[in-house]
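Given below, in the form of structure tokens, are the structures.
After this come two complexes, each holding chain A, first together with chain B and then together with chain C.
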Partner chain A sequence: MSTPRRFRWSALLASAATLALLLAMRESMPNYNARMAPIVERGAPGEYVHGRRFAARVTAVETARMLRFAHSGTPDSVEQRDSSGVWLIVQASAMAVQEPTLIGSAAILTRDGRRYEQSGRLYNAPATLAARELQAGVASAGVLIFELPVDALAGAWLALAANRIDPLDSELQIDLALAAPPLPREFYDLVRP
Partner chain B sequence: MNAGRVYWRSLAALIVVVPLALWTASGEDYLAYQRHRAVPETVVAPGASAEFGGSRWQIDRIETFDAPPATPGSVIAPASLPAGTRLLRVRMALRAGDIESIQKLDRCQLELVDRRGRRWTAAALSPARRDVATRCNGSHGKTPQIAQEFRFEQDFLLPADAAGDVDAVIRLAAENPRLLRLQWR
Partner chain C sequence: MPQLDAGKGVDTGQWHVVVHAATLSARRPDGRPAARGKANLAIELELTNRTRSSSNDFATLLRIALPAIAAKTPPTSQLLLRDNSVLSSLHPKMSERIALAWDIPLATPIPDPLPVVVMSKIHKQRDNLSGGAGWFDPKPMAEVRLHVTTPDAPATLP
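Let's turn to the complex of A and B:
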């Protein structure tokens, strides 16, 4: 009589374990956003971070209250832009991996989850690194310029991707090492950095 | 039928059923992916020429520089090349067969590729050149004519490790996805 009784208990246990496993699988299944999210490659400043289409390296980070720049193609027409926040200037270099590509999306990710795209206020300014065609194995250096509140600087990361509307691709996220943000200088000169 | 035999037969059936199920579910997608990936390219041996888009194409010359060459007629001193790179000046020769093949040259691109599959497009390094045509369809009054040899030159910036190991690739929008690959060496 004892053998069938043990069998029922073990069957019940197996069923319970299977059910628990199924529930765990269901709960841990990534949602739509997670499945469609970019494939993140993280790195530290100074080192090349490699994605599927390009690799990038942050060489310096500066902040300024005002920017000075010359119009593209007319170096004599110089303009200045101030900010109610702060200008963040990221000096970086990047190279394509296999074929020519662009940095289609450059943004700053803040500690509290905000995202700041590159500033669109520098009309006619010379092209930033994000506008240059990158060639395979050839490092191209340039700046990326953002405008953000001063309190968003601490702990900020740079996020770079080849395409803003194709999320199933690499996104490079590079720590800007701004745990203690530098004091902004009065102005940053893009004409003669 | 004993349990052991059923077990092994079921296992054997799985070997057939699983691939069949995978093929039924994704076979068409896989074939479409393969068709999309396949690049129908015509490979031409070093020194030879080939017909493509109604024109006959050939590599005329490829020069390698480790510093920017001076541009004839320009007083602007060329900047230095980035470290670890070489400049390749590629001169292509083409002979268009008819007016239609000349029209096809309007949407044409010359690229370099290496054996690792890396691909480069022309770089605007030196000041605009006027001594030679710099596009497939001509520039500065130098344009291709029917049945006449036409040459154009483009500069490419490549990593030093690729500079000796590249082929020239011609893409014509009218011939997509076909392309012409002219081996250099």
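Let's turn to the complex of A and C:
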């Protein structure tokens, strides 16, 4: 005759501890976005910041309430764009490191942790720096254009990457030195900057 | 489902939405004609991005209770009414008045008022596929009943 199996508190405690450990591991493990986050290279305005595929330098930053631009190839078709916030125009130069590449992602990172992608409202405007193919060792200058609330300007950084959806590659983050943002001018003219 | 008055706002989590008006016209809100044999139903709304990054995840924000517009049909045009340009993304904390517009067959009967459902998504820190953060699982949140104006209709005689 077999003896009845006794309830073992030690087995229950061990199972509970294992479950708690597994839960803690699951909750403390970085999610996909964190594990696949870009490799950040930080720099100051005026200096070249180097990533794996390209290097970039911010030369000037301006703000404006309105933008004026002409359609690419038709200089008479001038349009203007206002904003519910302010236009931020970053003048920069960039060059590829080894082979031709594009700046596939340009964004502004604000002090409160928000990310403002470059504006898509300048349809058919002349190419910004982010749309030009960069050649190795040849500096190419241009503008990058963003729209953001006026109160988000202070402390903003520029973030540039070769590809927005290509993880584990360089992202250049460049301080725009906007502790005291410049007063926005009425117009920024992309036709005759 | 909770009813919402036109012009009253609702937070979906991802967006603050204020549905304003509906228009049925031979032209889209930017002035371009609707497709041949079709009219354009445009819903005008104000959107504010409440998330941390620029987003264009608004194509399925509204569900129109018309058989001519299947549940997940994206709008024929998405326009920024500030300058009638094609809407690409909306940036955080920047409210904009926009139009989501669908071309529908000319003979489509339009109920008056027209039920328009505002959809909401939930934020997951880890989604079920890759473990990444995002907005998922759209669900109806509130219904707005809109009187549809028809600016092209001939003026009725007194």
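We take it that the second predicted complex is superposed on the first by the 160 of 193 C-alpha atoms of A that agree within 3 Å, B and C clash if a C-alpha of one lies under 4 Å from a C-alpha of the other, contacts with A are read in each partner's own complex, and residues count from 1 in each chain.
Criterion: a contact is a pair of C-beta atoms (placed from the backbone, for glycine too) under 8 Å apart; a residue touches a chain by one contact, two chains touch by 3 or more.
Please read all numbers here as calculations on a predicted model, not as lab measurements.
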Clash-or-fit label for the pair chain B, chain C on chain A: fit
Partner chain(s) touched by A:Asn31 [first = chain B, second = chain C, both, neither]: second
First, second, both or neither for A:Glu117, with chain B first and chain C second: second
Chain B versus chain C as contact partner of A:Gln98, first or second or both or neither: first
Residues of chain A touched, compared between chain B and chain C (which is higher): C
Which of chain B and chain C A:Gly137 touches, first, second, both or neither: first
Partner chain(s) touched by A:Arg42 [first = chain B, second = chain C, both, neither]: neither
Touched partner set for A:Pro149, first chain B, second chain C, both or neither: second
Distance in angstrom between the closest Cα atoms of chain C and chain B, superposition on A: 21
Residues on chain A engaged by chain C in the complex (per definition of touch): 31-33, 36, 79, 81-85, 107, 113-117, 120-121, 123, 147-149, 152
Contact footprint of chain B on chain A as seen in their complex: 98-100, 133, 135-140
Footprint of chain A on chain C - complex, ascending: 52-54, 80, 82-83, 85-86, 88-89, 91-96, 125-127, 130-133
Touch list for chain B against partner chain A, complex: 82, 84-85, 117-121, 123, 157-159, 161-162
